[in-house]
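So that you can tell them apart, the chains are marked A, B, C and D in the order they are listed, and the count of residues begins at 1 in each.
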Amino acid sequence: MSPQKERGDTMSQRSTARRIAAFASASAVLVALAGCSTPATEDPEPTSSDTASDAPVETGDSTGITDDTVTIGTHTPLTGPAAAGYSSISAAATAYFEYLNENGGVHGRSIEYIVKDDGYNPATTQTVVRELVQQDEVFAIVNGLGTPTHSSVLDYLNENEVPDLFVASGAIAWNRPDTYPFTFGFNADYVVEGAALTQYAVDEYPDAAICLLGQDDDFGDAMIQGAELVLGADGLAHVERYSVSNQDLTAQIGAMQAAGCEVNLLATINGFTALALGTSAQFGWFPMWFSSSSGADYPTLVTYLGEDVGPQLLQGLVGTNYLPSLGGEDEWVALFRQVNDEYNDGAPFDGNTIYGMSVAYLFAEALAAAGEDPTRESLMEALTSGALVGNGTVPLSFSDTVHAAFLGVGITQVDQGVQDYVGSAYSVVDGVVSATELAPVALENMGLPAAG
Amino acid sequence: MNRIAPALTGTRRTIVFGAVLTVLAIAGTFGLDPYRNFQLATIVAYFCAVAGLTLLVGLTGQLSLGHAALMAVGGYAYALTANLATDWGLDGVPRFLLGMLGALVVSTVHGLLLGLAGARLQGPYLAGVTLAIAIALPAVTAQFSGVLGGDQGLQIAYEGVPEIFSRLIVVEQWHAWVSILIAGVVVTALAAVRRSALGLKMRAVRDDETAARLSGVPAARVKVIAFTLSSVAAGAGGAALCFVTQSISPGAYTLAFSLLLVVAAVVGGLGSIGGAALGAALIVLLPWLVGTVTDAFEMSADLEQRLSGNLGLLVFGGLLIVVMLARPGGLASIGLRRGRGRTAPPRSPSPFGPAASAAAPTDSPADEADTDRTGVKEVAVHVPTERER
Amino acid sequence: MTTRTATGAEVSITGLTVGYGGEPVLHGINLDMKPGEIVAVLGANGAGKSTLLRTLAGLVRPTAGTIDLFRSDITGLRTEDRARRGLALVPDGQSVVAELSVDENLRLGALWRHRGPARARAIGRVYELFEPLDRRRSSAGHQLSGGERQMLAIGRALVAEPTLLAVDEPSLGLAPRVVADLMAVLRDASARTGLTILLAEQNVTSALSIADRGVVLSLGRIVADAPAETLSNDAALRHAYLGF
Amino acid sequence: MDHLLFLLATGLARGAIFALFALSLVLIWRAARIINFAQGAMALVATYVAFAVTGLSGSYWVGLTAGILAGAVIGFGVERGLMRFTKDSHPLAGIIVAIGLVMVLQALLGIFFGQQHRPMQTPFSDSPLLWGDTPLLSPYDLFVLVVALGVMGVMALLFNRTSLGLQLRASAFAPEVSRVLGVRVSRMVTIGWMLSAAVAALAAMLLVPTELGLNPHSTDVLFIYAFTVAVVGGLDSPVGALIGGLVVGVAMTLVTGYIGATVAPIGVLVLLLLVLLVRPGGIFSMREARSA
């Protein structure tokens, strides 16, 4: 071994120099890259928490706002396994903004919506959100999608005082104004959904055995928590969990059938709702299915189950919703259909489309309310003022103390291929479930908030 | 090259150069804006893991497809320890040090256990087991969600810039510093190992395990040590990443990420630490470059959505194949073989633009160990031993 | 096997040089063989005997030189195509396919040459030649004794009825009586069918006992090429290169 | 007890698919001494072909045939175009190139077909038949079992009873001796890849209709489980693949049914580690594990 060692020693002298060169060239690359994309470094870097205090406060923070544009951004999965269900949301929002911009924008400014793919990977979310905040200098992050992904940038956005609006997730974490003053949720949270569905089941079928099939994460946990608000602890007849990595629910469905379940609450995403219904149909078992809004989108479910059997299996599916419903065909839906055809290449029109456009509309409304020359501060004021109404079917809840968009949901059901509200609605405040009325908002000014 | 440091030899020189490079890198952070500093911090954290992986694959010939999971182990250990420290009222540097200690201890134990299992396994088996580990990570975090936080993972307290630096730098730069320091220590240690007698033994085991064993090298032990070192390096990288991003969750350490680390190690050049640095930079910067390039073209929203992400994956996969087949020495071997073995390779255009290609022909980042892999053809008479004897 | 017509091969090796990157293992070997001739390649361990045979079979590519078989150049041919032209190599080390049975090993040898019943007949002739194999038809290769394995290896080469047979160290590790039997089989095969045989051996005595001619290799060069009888009697040569 | 019976039956059907895919890994291992990490992605491409052809022709069977043929063609292309050149490269080149191939194929599928799940139909009903009150196997499950066992049988005949099989085995065990005997070894390696890829494609096509639908990640998990099965059964042993597949399939279903869905992937990892530590060559291997 000694000759080898000798060789190693003489070589190493050359190699150390090489190593320096390696680093030097690597850093040269970095510097070069930085050089070509670095904004002038004399900027006071308003995005960084340490220097933010040095920035002038009186005029407010208008990062991302120019005379004729407002730049905002989002993170969402466009690739990877999660992309399938969600990539259409940002496309729909983009289409609405295009519609808005063509009709004058908001106070004369057009909205530039930068969509970054994070592949539903929190590490990537971190990178793209920093890129949005620090490189693209967005005014706000709007509708960042996913619980694990958005959780990873929650601290960052709040420390840097970037408005973090309308998070696309039903986790309860977004509604914590004391800890996260800049974060606002959008979805009705899973506890609310679980409680509402359970209350509806109890109201309509008082003697039924109520069970739950849930994802093995906080989604399932929160739905169980909601159901237990109504039924009390251990009130569920049977609980089964699944893992997204295993697309086989035979064991779970078999157990639920054996347990004599009659109403099955579903804390499932669309794909697994379809899988649960399909598997159960294979057993010739047809219980009632009550699904969270995250997994109850009729058109999406039909594509999973196939055009031939889908409509049959989905007959009677109960779900929750808080936005204009696809089957209702109210004026909002009509407008969105038109926008979708004109600005979204006529992409399939489903719940995600309505969702994406509703979010975009709500942002436009908030921006309009933030004044002629909006700042991050005036935007926050507009959001917490309680004056925003959005386009939901239950009242928008934003206030000083509530950063959740909806504290209640309406109940929908599929009938003959049409998914629409059945009339019942529930609100959940401080753990108390109570029946309320649906309160749809009328369409004004063709959905152009600053036009009036 | 003796002119640079005539009196230094062996390990001491490795340490000095490691220190010099660390200081240079820290100085370099002043030239970067906050976002680039964040990217740099990420690259450097990946560099730890890739350096560990390249040592494992290049020196001992063991392939791990689960290094992302090993990073996650370090990250989770860091987060748990740091959160514990927060509960005890610690913050700042003491909390960081305690967290790192936790990460290193847990990574060592975990790597040792896996290494003990792995030492008995030949290449494809070990690759398969580590693959299974990568797949099992989300299941483990879901199963123990009380401690590990399930899908959402763990968040740790915000680490601001310490008082003494607070007038000088912003938080992203501070994070880059810490990440560079961690990598400096870890990679210098790896470089020292690589150069030591242990490194030689690792190569002996890789080239011919039986022969190594016959000449008195404790092959199993060498492999266990290599796996443990590699696991610790990955764990340190995970801890650095956790420190920088203040969070850790299973979704960030997927199988796809594990495979990216393999891409970085292979494309950089197996066994080469300089190559690991290039590889780590590549996996962070290439998707960004691809994104920038595709943004330059007008295309329909649908096509853009399909290309986004997938195009980067395509480029990575293609690179992996091409490098492995055409130039197993990786980027680190470009311009290396002056006057040695086969004819000098054509000067391939550097993917890194003018800065790097100017440097490449004369100062290659690679070092000699790569040639005993790529130059092995000379000895590879390899009258294939028939197995039926 | 008496039915076969005698068609030994004419072989001509010219300027054959083989190197693995470093010092060549064979330097400019010239060797001609007449049809039906048995040539013994002698030399110490490492002299290049195996390399010569492996190059002949196409397992090793020469860096220079040509190999002619029946006056046509086969240097560029692949191993399997050379086999199909009647060149059979019995590699050293009793090389049977350990996972296959005796019968399967023989069938493998006969595959390209015989079809259907002819294949069974050819295999039957090998069983006549090597009776111990007949009794172990369905045993796996790794269950055989060393002698049986060498019989199988040679039988498997003969079953394809080659015109040139290259045998690498058949005597290695076998009892003298077994070696004598094997040599007798080779000599008989050559005598009966005109088979040309190139026999690499360290066991000079038994090799020369059946060879017409001997070639002595040393450090990759041919240092002597003479009739077997002459070599047997040349004490100086024996002492210098063959170690006895 | 009924529940147990039901779980056993379900596990058997899934296990048959694992077994079939594991068999494809065994075939390639025997032909080329490579564990093909790209097997899942290659099978997936073939499944997309089957999906497209079924859509165009309207016949499941035409699609199935096209998929199997596509599998063989892909196997041919991958061996001749890539894997052939890994031999002279790095010892791990085969695995690393295969990983690169997975990335390339998944990216291409993502670009051309998008990420959505495309439902695939089954040729037979997938409603389970009742045995008393207990639901057992569905006609589709039976179809899967029959096909899996049938393919195993055909492969056994091919390998043990035909000249091609003899040459395939010989080439795998002793490539050099085989060449000396006139066997066209490199052609045998190609045929081995084609057979293996076709079997893998068949397994993937049997699996996908029971899942959410076809998408670029449909075979990720299948590969892991089949790899486990192949290792547990012994990479050299087709019988091991069959028994291992059924055992792992049943075990996973039992774990999911009695302990929880989340535990199953951990269980697979533990099983893999245990088997490799106790019997590194697999439970059904005849000889010591060989180095790759």
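The working rule: a contact is a pair of C-beta atoms (placed from the backbone, for glycine too) under 8 Å apart; a residue touches a chain by one contact, two chains touch by 3 or more.
Small disclaimer: the values here were computed from a predicted structure and weren't measured.
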item	value
Path length in steps (a step moves to a chain that is touched) from chain A to chain C	2
Relative to chain B, chain with the most remote C-alpha centre	C
Centroid distance [mean C-alpha coordinates] between chain B and chain A, Å	34
Centroid spacing, where centroids are CA-atom means, of chain C and chain D in whole angstrom	43
Centre-of-Cα separation between chain D and chain A, whole angstrom	37
Where chain B touches two or more other chains, by residue	135, 138-139, 142, 309-310, 313, 377, 386-388
Chain A residues counted as touching two or more neighbouring chains	79-80, 87, 216, 243, 245
Per-residue multi-chain contacts in chain D, two or more chains	110, 173-174, 176-177, 221, 260, 262, 264-265
Contact set on chain D toward chain B in their complex	34-35, 37, 82, 85-86, 88-93, 95-97, 99-108, 110-112, 114, 173-177, 220-221, 224, 227-228, 231, 260, 262-266, 268-269, 272-273, 276-277, 280, 289-292
Chain A partner contacts - residues on chain B that touch it in the complex	1-2, 4-5, 9-10, 13-14, 17, 20-21, 24-25, 28, 31-36, 38-40, 42, 135, 138-139, 142, 145, 150-153, 155, 158, 160-161, 166, 170-172, 191, 195, 200, 204, 215, 241, 245-247, 249-254, 256-257, 273-275, 277-278, 281, 285, 300-302, 305, 308-310, 313, 332, 352-356, 359-360, 362-368
Contact footprint of chain D on chain B as seen in their complex	57, 61, 63, 65, 117, 120-125, 127-129, 131-133, 135-136, 138-140, 142-143, 206, 209, 255, 259, 262-263, 266, 270, 306-307, 309-311, 313-314, 316-321, 324-325, 328, 373, 377, 380, 384, 386-388
Touch list for chain D against partner chain C, complex	163, 166-167, 169-170, 173-174, 176-185
List of chain A residues in touch with chain D within their complex	79-81, 83-84, 87, 216, 241-243, 245-248, 250-252, 254-255, 258, 271-272, 274-275, 281-284, 303-306
